[in-house]
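Shared chain: chain A. Partners: chain B in the first complex, chain C in the second.
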Partner chain A sequence: MRGALTLCLLLLAATLAALMLGQVRLSPVLLWQGLSDGEGPGALVLGTIRGPRVLTALGAGAVLGLSGALFQTLFRNPLAAPDIMGFTAGAGLTIIAAIALGLSLPMPLLAAGGGLVAALLVALLSQRRGHATPPLTMILVGLGIGFIASALSSFLLTLLPHTQAAEAQRWLTGSLAARDWSHVAQVWLIGALLAALALAQLRRLAALELGEDLAAGLGLRVGPARMALAGTALLLAAAGVAVAGPVPFIALMSGPLGARITGAQRLPGRMLAAAGTGALVLVVADLAARAALPGIQLPAGVMTGLLGAPYLLWRLSREMEKGEL
Partner chain B sequence: MLRLLGLLALLALALVLALSVGARPVTPAVALEALRAYDPTNPDHVTMVAIRLPRLAAGLIAGGALGIAGTVMQVMTRNPLADPGLLGVNSGAAFALLIGATAFGAAGEASVALLTFPGAALASALVFILGGGLRGDVGPVRLTLAGAALNALLLSLVTAIVLVRQDTLDMFRFWVAGSLTQAASRPLAEMALIAAGGGIFALAVAPQIEALSLGSALSRGLGTKPRRVQAAALAVVTLCTGAAVAVAGPIAFLGLMVPPLARLIAGHSLRRELIASALLGAALLLFADTLGRVVMPPSEVRAGVMTALIGGPMFLWVARRLRPGATA
Partner chain C sequence: MTLDLQTADTLLAGLLAETLSLGYAERPVISELSLELPRGEMTAILGPNGCGKSTLLRAMARLLEPSAGRVLLDGEDIHRRDTRALAREMAILPQSPIAPEGITVADLVKRGRTPWRGLFTPWREEDARACAEALAAVQMTEFAERPIGELSGGQRQRAWIALVLAQGAPLLLLDEPTTYLDLVHQIDVLALLRRRNREAGLTVISVLHDLNLAARFSDRLVLLGRDGLVATGAPWDVLTPANLQTAFGLAARVDPDPVTGTPMIIPL
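This part shows the complex of A and B:
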């Protein structure tokens, strides 16, 4: 209980800081005025720029975190996250391809579509007839798909003129710049729907977490249950990517980090903690990316990459000491 | 012996095709003539000497070096998915290139190699160590993920630099899709020396590496000092990968494809396997480059993309075939 309170307080503090800090600083008084009366300079900044940006970050971070935790629990492996398994690279490839072909579809939707296609490919290619798919095979196949997608992306990037290449590079990183209220509505509505769908399947996930044989013994139809859960988790990731771009590592980090902050043991608690932590990480990363260096606005994805990669390396050395890799 | 001759014939075919096929086809006879009696007024001869020959040399150096580095890496980590061109090395080189360009102003083509060599060499050493090259028995997932993690970290830094300094973007994007097209402006002779040094060193320590791959207890019984052999292997990987990246940019998947094929040809002697890897790597890279010139005229598909298109499916195939016990 105390852990959950800590997470809530951290989220509140990060949200307030993200609303106040930036190129124009808002004092607590201005922030309060803007929030309560809708007047003054605070209201302008909050209503048009920072409000939608922070709320989008919270929503996107939460769905990505929840998606990662679902995957990690489903495959019983802390490395099984959509951003490791080809999703991000697939999203990047579609973005560049769309810019190269001059398609004028909304970029984030394309990214989500590309990610989904890559994930389906991974699922198909790592299946073997008559065998259960070992999670590590899936991770390796995902990495392979990721390598191929990024080779193709870097080739397409050479075909673009300079300005378009710069645009593509920005989209590839995952960014929260220039979000408006439609993004907020989109990610929160779709996210809430999918999260409800995921929570409804938690009982089955709990059974699967015991292992496939036990789950089958409990009367669960393992195949369909896994498919439904993986599908929900993928759509959650796509919903996040659709508003924030392929921000790396949020899905990978949030589950374990959330469990550590809140100390949650039971499945629903762990899932909520992962969602909360995802939101926290993305809001903080975005704040750091836009306010850390004066005069320079970096996309949030740069920060999550800088945070997430050392985490992944640390995780690897831990797993090796435990003898699991 | 017969197999070695076959391999040499394959390489010869690759050489002839690499010299004659392209936007301006040149018959092999004219190519030979250009070498013996160079005539600066003959456009065929100019194409030959100014474009195709440097490109050929770059292909030989990069392909051979990546073949050797790949074989050493796969034997040392006992991991069929190890590939020097895949794992963090490219982004290490890109990072060094951009740091250099930002610090010293936009770098000309000539300084590219000066910057990419240390970047690629450092990154390959780091991935080799992180991925268990000094520990022996660690599963394939670890090396691959260590490479992916380093890649993500460095690419985040690269993105930050590129977005802040827009003038570096063009340099980055044209360099990062590896190709042999810039060969004429790269320091081919120096890198050929470095790659050859790495290759000879690999041949010299091959018996010790082989002994080590039997397991550390057994190899100590044979009188091998594991630390020294690991350091030697690391040096080979570093030199060869650095040289390859400096002449051709990042070429992924070549070091992954070559070693198993070389083993098929050469059997289980590491020395013969290394020679076969060098020949095969050079031949494959030249084929990939030549193929890239003809598939999408008038533009060229870069050699790095061609190797990814051929090697990527092979990566997936190997990943699927690894027994669950081996991947766990």
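This part shows the complex of A and C:
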């Protein structure tokens, strides 16, 4: 309980800081004015720039964090996250491709389609006849698919006119610049629906977490149950990518970090902690990216990359020590 | 006539393998094996490594689809049963299951109630009772709030058994439940299963390695060799020097265990 409170307080503090800090600093008084009366300079900054930006970051971070925790639990491997397994890169690729080809389809649909294709490729390529696929095989195949998707995205960037390419490049790094209220509504609505869907499947996930044989013995139809959960997690990741780009490492880090912060052990608690931590990390990363160097606005993905890469290395070394790699 | 009907009835109450073939066509692990395991008995499946003990157990647990033949539970093909309904009838403990990190014994055991809970079914008193009883049966009540990772190997195995006991199925299949346990804990686990078998009428079918322990704790043995079923029946009928020679290529004497009178194998 105390852990959950800690996470909530951290989230609140990070959100307030993200609303107040930036090129134009808002004092607490101005922030309060802006929030309560909708007047003054605070209202302008909050209403058009930072408000939607911070709320989009919270939503996108939460869906990515939840998605990562779902995949990690489902595959029983802390490296099984949509950003490691190439799903977010696939989602990013379709969006860049649509921009390059001048297609105007809704971003969430594009992201979901790209993520789905990447996931299907991973599943197909890592399949071995007559044997269950070890999660590590899928993770490594996913890593490869991710590299291919990123390379294709980079290639498509070269086809774009200069200004457009720069913007698309930022977006591919994972950026929350120039988000508006439609992004907020989109990620929160889709996110809430998918989160409800995921929560409804938690009992099945709890059985699957014990291994396929036990899950089957407990009365689950393992194949369909896994598919439904993986599908939900995939769509959650796509919902995040659609508004924030393929921000790296949020999905990978949030589950374990959330469990560490809150001390949550039961499955529902761990999932909520992962969502909360995803939101926290992305808001803080975005704040750091735009406020760290005066005059320079970095994409949030640069910061999550700086945070996430060391975590990945540490995680890999731990897995090697355990003999899992 | 009446006698025949009665036999047919008793045969039906339990697990029945009917000309079961397992594995791939080019490399059959088990071929055309037939077996009757009546309810209320404690059965051990024995045999050398690689003879298909676990494969047979997995097929009877519906974790593996037979390439030919059927497995019947009380006369009904298990592959035709609804998955959840079957899970209320039989529980399965695979070999060396891996617990999620940080999970407590209580949380683990709770998951045994999965087949009894729908999407919107709240946690009911009967669920709590089943879990409490399962924990008491394996003498783990005081460890309920401890993370599994902090327990000893024997305690951990008891926690897993509590999970399948909480499932409340009258039939329990276990794949090598005593592997990696020291002798004390092996006896501990088997005695606990025997107690549930005697007191609650639980049907227990497990794959075991130790012949002497299997003989001591079983009503029925199923002895497999490299070429399929060698013998099945009461321990004294199965563990004969001739059968041990066929199944394991082992020259051995079989004497009565001075403590229990069950067959005891002495390799020559």
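Rule of thumb we're sticking to: the second predicted complex is superposed on the first by the 294 of 325 C-alpha atoms of A that agree within 3 Å, B and C clash if a C-alpha of one lies under 4 Å from a C-alpha of the other, contacts with A are read in each partner's own complex, and residues count from 1 in each chain.
The definition used in the following text is that a contact is a pair of C-beta atoms (placed from the backbone, for glycine too) under 8 Å apart; a residue touches a chain by one contact, two chains touch by 3 or more.
Keep in mind it's a predicted model, so treat the numbers as computed, not measured.
Superposition of the two structures on chain A leaves chain B and chain C fitting side by side, clash-free. Looking at the shared chain after the overlay, A:Glu39 reaches neither chain B nor chain C.
In the superposed three-chain model, the partner touching more residues of chain A is B, compared with the other of chain B and chain C. Once chain A of one complex is fitted onto chain A of the other, the partner contacts of A:Gly211 are limited to chain C, with no touch recorded for chain B. Panel annotation: after superposition on the shared chain A, the angle at the CA centre of chain A between chain B and chain C (CA centres) reads 90 degrees, nearest 10. Look at A:Asp180: by the touch rule set out above, it reaches neither chain B nor chain C. Of the two partner chains, chain C is the only one that A:Ala200 touches; chain B does not reach it.
In the superposition on chain A, A:Ile148 contacts chain B only, with no contact to chain C. When the two complexes are laid on top of each other via chain A, the two nearest Cα atoms from chain B and chain C are 14 angstrom apart. On chain A, the surface touched by chain B in one complex and the surface touched by chain C in the other have no residue in common. Across the complex, chain C meets chain A through its residues 24, 58, 61-63, 83-88, 90-94, 97-100, 102-104, 107-108, 111-112, 114-115, 117, 119, 147, 163-164, 167. Looking at the complex, you find that chain B touches chain A at residues 81, 86, 130, 132, 138-142, 144-146, 148-150, 152-153, 155-157, 159-160, 162-164, 166, 169-170, 173-174, 176-177, 252-253, 299, 301-302, 304-305, 308-309, 312, 315-316, 319-320, 322, 324, 327-328.
The part of chain A that touches chain C in the complex is made up of residues 73, 76, 130, 200, 203, 206-207, 209-211, 213-214, 216-221, 259, 265-266.
Listed in rising order, the residues of chain A touching chain B in the complex are 79, 84, 125-126, 128, 131, 134, 136-137, 139-141, 143-148, 151-152, 154-155, 157-159, 162, 165-166, 169-170, 172-173, 248-249, 296, 298-299, 301-303, 305-306, 308-310, 312-313, 316, 319-320, 324-325.
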